[in-house]
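As written, the chain order gives the labels A, B and C, with residue 1 at the start of each chain.
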Amino acid sequence: MRSIGVEATLPIAIVGHIDHGKSTLIGRLLYDADSLPSCLMEEIKQGMKESGKPAEFAYIMDHLEEERMEKMTIDTAQSFFKTDKRHYAIIDTPGHVEFIKNMITGTSQAEAAILIVSALEGMEEQTKRHAYILGMLGLKQVILAINKMDLVNYSHDRFEELKCKVSSFLHSLEIKPNHAIPISARVGDNIAKAGGNMRWYNGPTIFEALDKLKTKEDSVLKPLRFPIQDTYILDQKKILVGRVVSGKAQRGNEVLILPSKAKTRIESIEVYQDTKDVAEAGESIGIVLKDELTLKRGEVICDLQHPSEIETKINANIFWMLPKPLQAESQLTIRCATAEECCHIERIEERIDSSTLEIIENDSNILRETEVGKVTISIDSPMVFEDFNETEELGRFVLTRSGEICAGGIINSPISL
Amino acid sequence: MERLDELESKSIYIIREAYYYFKDIGALWSIGKDSTALLWLCRKAFFGRIPFPIIHIDTGYKFSQIYSFRDKYSNEWELNLRIVRNEEAIRKGIGPHNNDKLKCCGELKTNALKKLVTEGGYKAILLGIRRDEHGIRAKERYFSPRDLQFAWDYKNQPPELWDQYKSESEDGTHVRVHPLLHWTELDIWNYIKREDIPFIELYRAVDGKRHRSIGCYTCCEAIDSNAKDIDSIVAELQATKTQERTGRSQDKEDAYMMQKLRALGYM
Amino acid sequence: MFANKRTIIIGLDGVPYSLVKDLSARGIMPNMSRLIKDGIFRQMESSIPDISPVAWSSIITGNNPGEHGIYGFMDLVPGTYSLYFPNFTNLHGIPFWNYRNGRKSIIINVPSTYPAGQLNGILISGFVAPDLEKAVYPPSLVNELKRLNYHIDVDSEKGHQSMELFIDDLNRTLEARIETYRYLWDKEDWGLFMLVFTGTDRLEHFLWKAYEDNTHPYHNTFLKYFNTIDEAIGEIAWKTHPEDSLIILSDHGFERMKKTIYINYYLRKTGFLKLKKTPDTSYDDIDEETRAFALEPNRIYVNTATKYPRGSVKEKDKDVIIGDLTDAFNALEVEGEKVIKQVYRKEEIYTGPLLDRAPDLVLISNKGFDLKARLQAEMLTENTIFTGKHTQNDAFLVVKGSEGCYAPENPSVFDVFGILESLG
């Protein structure tokens, strides 16, 4: 049994168009889950009593001053809350298009997302772009929340209309929302409690829908993948450090190392002041191999029976995040797990508007900020890749320039050697 | 995988990434529970031999227990310890008196660190901050660049995708690396308990008071508590919802107000 | 009646009636001069105390401090000696923009409206507002303001470092404020537009002397600043439609400062106030023997046993103490001049449910004496860097309506609310 406090936390991203109520929903979730500092809870309760109006949750959440770390203003938000079932960490994602890379950063850490759409304003540009990004990041658990129902008179028709519209857009991205829930974050309908104002709705509340989500699947049963992160020499022992991405590393097991294709055995598994017989997916460990091999960071230690693929060319969808556009043929660095190689974009087959999903141009030679490109990437030296659905960590990659990430992508199909 | 194992593995991964990419790095050790946990993780990441300096910023206003704790464990753990003080500011008499705590922090902490980073040529600094300790931390990255003026342009941070981080820093700038960003206060205590990491006595209750966060004695207030051992601390945290930093008297919004009003002659 | 009739309010923080009259006549404020002729121009009484948080809170709610609860920049948490800074959330009463149904209100830089709350329209809080992100409604506007280089207030700390830097910041803040008003003017369809310039007050604090002394190195800088403000007023007046109403007003007046007088020091010397320690004193150091203490700038509180943790004055003795205090203040002289013009008891100037939180006495000084509480003061008087100080009786009001506009003969800041209502 896990004791309280050590159970798994589910990171969720809350995404959607600006002013559709993300901050209000976050404030409301924290308030309803009784997860705000107690003095603040009191203040809010008192305020609501005095004014007879719901609290302005958006303000509880949105605050940040451009000051140095040591000079920051006090504020009160916490982004963790807890239901009867588990702990949640809310990942704050800004709704403005300028901050799309912050949104992507946040969402890439999430295991599920709530996509919030205002019943008043309907689907807007960032709604679609954020939905696209959820798809691009391979996020499969999505709750659709139609917010501000109080402002449309709790209209059932409006809810159905929007639900239908947004869902069909999500389907085109191969996202099937787990639930579509009509809410008023401001008033608190269908967040923790079923909304008395929407008798026509009998689905789950946000809390109930969250508790139905699944935590990350165990990848222990898959074949071993151990990307080498670094080599440390300690007492003449060469230790390959890294984190097991999938499967189990087991002392004595035969392994194949890719792309160098060397074959050897695991001599020992090292951790601080100890050794282990087995290390499972997720563990940061050190491996000592039987044979003295010259290996570099980025190579992947694989199960000998079920090795990975190595490629020098891949087809992928990438999302460009820099203000400076990508020019076809320009030199970049591709990083997948710990591997890093020079590459160039051989072809931009389609240039896609990430908010409408319309193809702007075929066979383009440019990709601008927030645009999606269906591209072919040619890599200078072979790298290990896998199907994203098989091993996420080896099916996704980033492109960098001067050490800074400028695009992220998921592999459509490796073009085998 | 157990939650603590998961947290630990991710942090070790980040520490190793920081070292791989930047080499010229250091870790800040305030002697508080978080940075001591960070130090512990560094020891685990490098099998007991941390290949970079551990930096302690000494304002001269630290609790005396901090110094003895620091010296004891830096010996025992064979740390390459660097102590930094802004001697010039201390000579000038800058301190937490005169009702100007912002200036005090700025000079004795920020500027001391600034000096160290510039003179020591550090490319990256490891810090033990967590997302849950303060609202503003929610926007931090694991690898968070600071510019030449040490400013944090939080709106223009480079993206971070999955386990891929910013891997270079331009001349004169440095990257702050936060391997504990995803931990909570409770996680830290659970981990300290599990790993039996030593912690400073100030966290234990004496006469109904204990410290929940530790900085300079002039700006730290003890909270009401009877938690004398780690189990009671964990139990107390599970029951409480007040913020960790409420114990720090440097209520910064008020400090800001006072500063502005004073500039107009009020107060 | 006009369906599209709008109301525009321009606030000039701390600008006295006498200055408006003077600069209009001298051609420094030609637009103002024209508006004064076309509309109603009155000298206006400020609130007591005559400081921005109190005066503006009164202007926007029509209430007196006994009702709206804002007595100063800071106050004591009831039942304690802990200071806090009352803000918009502590204001009781509803600002006039919440009464306007249907059309949007754009409210820029009204002091003491931080943090910004929800309204039908846009609100950018004024001084004191530590965090721009909390100072703007709707929040999505923050980025645009940053792009416009918007600053909530001039950094007055610069005035202590270098006058050049201060003036530079003053001008830049004004420029961005003007840019912001222009942007919002066209962006929305609104019924009420309110814009307050606060740089005027900051300038007057530091450089009132430069206004009066035409050989002062910053004399022209001072006049130029008011000229720029006048241009902005002209631009706004030009943009208004014939059916719109325009109000221009200030929250208090200003005059030349002779000396700063520290009230708490005087209370110490006369035995009313006893502190447990000096220096580095805070209100928590008030000793049990204390009979009265002052809060900024001129508020006097009797240390009663019923209200304060170390209060020692019994209710039955309160009146005697108030009498003694009044005598002591009336006796206060500096360089042969009487400092205090008037000692008000709270019942004389405040009414309402929050009367209980009011200071027991408030002081009004004679010309040129600037009263400051300053608990830490180690002297009675000081010549500070400031050359101007607030006045209570010399604010101004200009009203220009489309049809028969109304304003009392001797208006006060509490009347503005009613005037707005009459304009519809």
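One rule holds for everything that comes next: a contact is a pair of C-beta atoms (placed from the backbone, for glycine too) under 8 Å apart; a residue touches a chain by one contact, two chains touch by 3 or more.
Every value quoted in this text rests on a predicted model; they were computed, and no experiment measured them.
Engineer: Looking at mean CA positions, which chain is nearest the middle of everything shown?
Structural biologist: Chain closest to the assembly's C-alpha mean: B.
Engineer: When I count C-beta pairs in contact, which pair ends up with more: B-C or A-C?
Structural biologist: Here the pair linked by more C-beta pairs in contact is B-C.
Engineer: Find the geometric centre of each of chain A and chain B from their Cα atoms only, then give the gap between the two centres in Å, rounded to an integer.
Structural biologist: Each chain reduced to its C-alpha mean, chain A and chain B end up 27 Å apart.
Engineer: With centres defined as the mean C-alpha position, give me the chain B-chain C separation in Å.
Structural biologist: For chain B versus chain C, the centre distance works out to 41 Å.
Engineer: Which whole number of Å gives the spacing of the CA centres of chain A and chain C?
Structural biologist: That pair's centroid distance is 49 Å.
Engineer: Indicate the residues of chain C shared as contacts by at least two other chains.
Structural biologist: 130-131
Engineer: Could you list which residues of chain B touch at least two other chains?
Structural biologist: Residues 253, 256 of chain B touch two or more partner chains.
Engineer: Where does chain A touch two or more other chains at once, residue-wise?
Structural biologist: Touching at least two other chains: 63-65, 73, 98.
Engineer: Quick one: which bits of chain C touch chain B in the complex? Just the residue numbers, please.
Structural biologist: Against chain B, chain C makes touches at 73-74, 83-85, 127-128, 130-131, 153, 155-157, 159-160, 202, 205, 260, 280, 296-297, 370, 372, 374, 376, 384, 386.
Engineer: Which stretch or stretches of chain B touch chain C in the complex?
Structural biologist: It comes out as residues 97-99, 253-254, 256-257, 259-261, 263-267.
Engineer: Which chain C residues qualify as touching chain A in the complex?
Structural biologist: Chain C reaches chain A through residues 89, 115-118, 130-134, 138-140, 143.
Engineer: Where on chain A is chain C touching in the complex?
Structural biologist: 18-19, 23, 47, 56, 58-59, 62-65, 73, 95-96, 98
Engineer: Across the complex, what residues on chain B touch chain A?
Structural biologist: By the definition above, chain B touches chain A via 1-6, 8-10, 12-13, 16-17, 19-21, 43-49, 102, 105-106, 109-110, 131-132, 134-136, 138-139, 141, 150-155, 157-164, 166-169, 176, 182, 184, 186-187, 190, 234, 238, 240-243, 245-246, 251-253, 256.
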